[in-house]
Each structure stands twice: as C-alpha cells, then as structure tokens.
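The data blocks that follow each hold one structure.
Note that subunit A is present in both complexes that follow, paired respectively with subunit B and with subunit C.
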Partner chain A sequence: MKITIENNEAKFLFRIADTSLILGQRLAELCSKGPFLEEDIALSNCSLDLFGRAEELYKIIASIEGNKFTPDDYVFRRNEREYYNIKLVEQPNEDFAWTMARQFMHDVWAKEVFTQLLSSKNQQLVGLSEKVLKEIEYSLIHSRDWLYRLGLGTEESNSRTQAAFDHLLKYVEEIFNFDELDKTYLTNVENIEKVWQDEINRVLSEINVERKEIQPLTMRDFRDGFHSEHIGHLLSIMQYLPRAYPEAKWS
Partner chain B sequence: MEKGDKVWEVFVQKKSGLPFKHVGNVHAYDKKMAVQNARDLYTRRSEGRALWVVPTEAIVSVPLDQADAFFDPADDKAYRHATFYVTPDGVNHL
Partner chain C sequence: MVVIDIHKEHQEIWNYLSEVPDPEIPIINLVELGVIRNVEKQNESLIITITPTYTGCPAKKLFEDLIREKLIEKGFEDITINTVLSPAWNTDWLSEATKAKMMAEGISPPTDDNKVVICPKCKSENTKRLSQFGSTPCQSFHSCNDCLEPFNYFKCHR
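Up next is the complex of A and B:
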C-alpha cells in the first residue's frame, strides 16, 4: 500500500499530526518507567492526549483526502521518509531532563500553532484546536514547572538540564524555516518563532541554564520527510504488530 | 521516601457547592507538584472541578487508643438527635 497525499491542507496538517503522534509514542515508551508512580501516570496522560490529538488530525486529513486511507493506515503504513514531524520530538528519552526540555519546547510551539489554527476556515480544525489548547496549556504548566525544579534544583539536575538544552536546541532551527504551506494555513508564522524564542529565553534565564551558541545540524528539512536516525527505531517498534500481522483485530 | 518527598492527602469537589471528599493521597516534593499529581491521578475521569491537597503531616487525628474515651460517651445520648419534639406544619425538610 502506497500512501498518497494530494491536498495541500492535508500536507500541512501531517506536520502537526505526525509531531503529536511521534511525541506521544516517545512518552508512551516511559509508561511503567517513570521516575515515580505519580509522574509515570502524568506522562502517560500526556501521551494519551497527544495520541488523541493525532488521531483527530488524521481523521480530518482522511476526510480532506476523500477517505482513501484511514488514520490507522497513516500511522502504521508509512515509512520514515513519509513522516513529517519536527525532528525535536523524535529525539530519545535520554533522561528525565531531556524528556521535560523536549516537552516544554514542543508545548510552547504547539500552543502558538493551535492558537493560530483557531482562525482556520476548516471548522473541524477550529473545534479541535479549542479542545486541545486546554490540554496543551496544562502540559505546558507541567513541563515548565519541572524545568524550574530541575534547573534550580541540585548541581546534578541543573547540569543535566543544561545538557538537554545544549543537545535539543540543535534540532530547532528547521521549525522556523516556514514554507508556503505554513504561510497559507497559519495566520502569522513570524509570531510562532517570536513567541517561542521569547518564552524559551525567559525560562532559561530564570532557571540558570545558559542558551549557548548552537551549531545547527546540517540536516535537510522535516517538511521534505528528512529525519535524524532515531525515527526508524521508533517506527519499527510502533508499527511492528500491524506490519507483522496485517489482519490482526482488536477483539 | 527521598529527601523532600512528602505524602499529601487529596480532596476532590465534584462541583461547586458540594463538599470536598477525601479520595486518596499522592507523593510530591512541593505544592504545585502535589496538586498536579492529584489532578493526574484523581480527576482524569472527570471526577471533579476543584482540588485540595494537604500535607498528611498537617492532619491531626484522634489517637486510636483514645477512641473509646472520645466517642463512646455519645452512644447512650439519643436525646441529642432532634427527634423528641413535634415539627411544626410546613416544615418538610429538616
């Protein structure tokens, strides 16, 4: 089965849907491995929110595309180069500081993106955005509070948070290389970068984490389906069952 | 438990005006974490619209071995129930 995408709005929405899905999968990997029981459940809740968000977006995409494919097809039958998530969210759960830094960087981006989608001409998308903005707001409170605890905590937690940002910031530049599709379906792309940079700089300055001069990675753009090496491993685990047993059904 | 880790008792209010009910407890290192953990553990199926968290150590309880002294004297004082006088006409809900 070769998944095709015809419509421009669908192409654009894949970027957001795939970003939600891949981050959801990353957080799901921590289920039963959280640092303590309460945080384990918090991470799983957040993961489920992301999966739900992705599913709703794939449903909207499917209807735009004339229901040639189902949300399950989109999730389980595409290869690496057919995924359009930002590279930030496919980075592994190196430690808890990475997980929270990645989450915070994503949440700040997602909040502004969905805020702009409230003005979409697609009413389904407007309805979904209203709903998910509440989830994102909570996730943002949660991830930001953790960064304050980690950054201002012990020497160890601060140095791990610094290391997380030093690494993850390398994957950010591409997010703001907006193309014509982004400019068509978002209302103010420049503001996404401005809001993001302002908030990241504000928080980092308050938690004693330095925003170093980062040498951006010379990797091609996620909008063309390019990734870091991590996505293949993630997909191989996520897609294993439906790939190995295409007829499998929930009973 | 590690340093800084505390147990907090969680109370959920189903909707405004109703009493807060004790539902369980959570571990947390600070107030914000306690209320977030309580939200994630105890309101994920729409159980409430408001939450209290209280450090368990702040709750004072009657020592178990003094329960008889505290509570038994009430057992034979049925007259404390308002059942020994006639309610006036028109009082339907007492």
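Up next is the complex of A and C:
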C-alpha cells in the first residue's frame, strides 16, 4: 500500500520527523568511525536521540492519520521525493568540522521549533516536546563546545570550521521560507529565524569564524520533497535491507 | 519527591516487575529506574504503563519484551504494555536506596544538576569528566583525580 499523507498536521510533522531521522542516519554513519572512542560514543548517542525523536513523531503522525503505518513503514518505504527533511541535514559528513557545524545549526533550529511546539493543541506532541527539549539541550552543549574547540584551536581546525560554515550556510535559506502549514502549527515563525541567526552569529563571532555573504543554492523547497543529490545515496544505504528482504526480522 | 506511585492492591505485580533488571544496568531493576509508571488489572488482563528514559534509548523495546517475559513466567497471559512520554522520565524518580545501590556497584549516582560527581571507589569529589556521553544514553564518563578510577556517572536528568 502506498504511503500517502492526508492531514495537514501530519504533513507539517513529517518535516520535523524526517529532519531528525536523516540527521540521525548521518551520525549513525560515524559509528565505529568517530575521531576517537569517546566521540564515537557521543555521536552514536546523539544519533539514537534523533532516531527516537523521529520514531515518536512518526507514531504521532500515524495516529493523526488514523492509519496502521508503523515508524518502520515511514522510514523504509518512502522515496526521495516523499521525504521532507531540510537539506542541511542530508549533507555528508565530509570532515568532523562539517559534522559539528551541521549539528549545531540543526540543534539551534530544533530547540526553538520544539519550544514552540510546547504550545501545540496536540497533547502527545506537547509531551514529546517537553522530553526532547532536554535531549536537544544536551546535544547543543556538545556541538557548541566542539565549535569553540575547533574554531579557537589550531589554524587548521579553524580553517576547516570556516569551510564547513561557508558550505553549509548555502542550505539554510529554505528553512526560513515558512509556508502556511508552518505558520499554522508553530506559534511564531519569525522568531525561529531570529533566534537562529542571533545564536549562529554570536557563536561564529566568538570562535573567529567569519559569517560570509553566502549565495544560497537555488534548489526547490524541501517542503515539496526537493533535495540535494545526497539524499538518494543515504536512503539507498538505509533502506537496502528492508527493501531487499521485506520479511527480515530481528531474532 | 514522590518516587513511584505504587498501588498497594497490585503489590504482587510490582514485586514481579522488581525482578526485571535494567538490561544495560542490571544492578537496578525497572521499578527502581522509574520506567514503570502504572499497573492496572482489568479482570484477567494486565495493563502496564511504562515511560522510556530517553526517547532513543536502545533498551526501550527490550523493556517491553522483558516485562512480558516475566509476567508470562508468573502465569499472566493477557498483557498490554502502553508507553507514555509525559510526565517525562527524570532522575528525581530514583530513590536514595537505588542511588546507594548504584554507588556500591561502581556507578556514580546523579547529584543535583551534576554539580558534584563523586568517585564510587574512594568517594572523592575531586573528579573530572572525560566525556559528556557514556556507555549508555543515561551516563557520562568520568575519572577520579585522587584514586584515578575511571567510572560512569548516571547523569542528573530533569
């Protein structure tokens, strides 16, 4: 059965759920490949938080939609154009500075989004938001700490951090092109951009990384399921097993 | 702080659930960890309400399996396990007795807002954090500056 989305709230929540999932998958790619053992564990822990967050959101989506789809159905049975994550989080790990810059940019966004969802009319969503805000705060400490260490570290770590922001900032503009759905389910969309810009600018100025005028990439909106080229590769790895062996079960 | 809302009439079931160890920190059980929020009995069917420690805790599914396994072993057949996220799990639900048990087993228990982390071996407060993330989502990794013991600290989460 093809997965369709009927309800506006579900459509909106897919954006947040898919963003959590795809970033979780990016971090999971680093499991056993972290720069050192403690960081490997840290990245895997953050990945688990993101997967858990996505899973709970998919459950809420299924209950809004009143269908029988499980989180696994949503994760493994949708194609690129049926994913609605922000393009920032599908960008590859490239190097550790990219990973941390991407994480920090995401965490600042996620914190404000879930803070606004505390006022949702959907009580399941309010309960989840209360819970995940604690986890986001912890992840934010981690990603922000790393940016200080990298930005204020050596010439090499600073230049890589600069390169990471120069690249990743190209993908940010679409996040703030809010549509009617965002405006319906979030309480103050303008504040999401304001909080985000202020915090990014504050941290960059403190870590000697320049916020350059970046020409955003002209790609169509993630809200319509448009992506950079990376999502297909990511999904093909993530979905391979359940698509090839639909009957496979953990035993 | 109310640790756990134990319904006296289901004491027997709570006792069974106390026999289920946390799969990742087996020295404490699921009741002590605070993940079991409610036990209800409707005729022959049992409804257990649980809450995860962290949304991404990999032991989440295992909690359910272990609870089911234990209750089946005790002769129950009709078991429903519901998960709730609110109120969010927090370490204030751990009793002093549970914290003492952790300490005795070498896991430093949570303290107020992580201000003081005590070495479980020599009880020194002169310790340092090696990593914000430990071997499970609920722990961070530390070492003692006095006796050099490396240890896990169960993070204060509230």
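Note that the second predicted complex is superposed on the first by the 249 of 251 C-alpha atoms of A that agree within 3 Å, B and C clash if a C-alpha of one lies under 4 Å from a C-alpha of the other, contacts with A are read in each partner's own complex, and residues count from 1 in each chain.
Here is the rule we use: a residue touches a chain if its C-beta (ideal position, glycine included) is under 8 Å from a C-beta of that chain, and two chains touch if they have at least 3 such contacts.
All figures in this text were calculated on a predicted structure; none of them were measured in a lab.
On the superposed subunit A, the positions of subunit B and subunit C overlap enough to count as a clash. Of the two partner chains, neither subunit B nor subunit C is touched by A:F76.
Contact with subunit C, but none with subunit B, is seen for A:F51 once the two complexes are overlaid on the shared chain.
Looking at the shared chain after the overlay, A:R149 reaches subunit B, while subunit C stays out of its contact range.
With both structures placed on the common chain, the touch criterion links A:F226 to neither subunit B nor subunit C. Contacts of A:E38 after superposition on the shared chain: both subunit B and subunit C are touched.
Look at A:F176: by the touch rule set out above, it reaches neither subunit B nor subunit C. In the superposed three-chain model, the partner touching more residues of subunit A is C, compared with the other of subunit B and subunit C. Residues 38-39, 41-42, 45, 138, 141-142, 145 of subunit A lie at the contact with subunit B in one complex and at the contact with subunit C in the other. Looking at the complex, you find that subunit A touches subunit C at residues 38-39, 41-42, 45-53, 55-56, 123-124, 126-128, 130-132, 134-135, 138, 141-142, 145. Residues of subunit B that touch subunit A in their complex: 26-30, 32-33, 36-37, 39-41, 44. Interface residues of subunit C, counted against subunit A in their complex, comprise 52, 54-58, 60, 84-86, 88-89, 130-135, 137, 141, 157-158.
Residues of subunit A that touch subunit B in their complex: 36-39, 41-42, 45, 138, 141-142, 145, 149.
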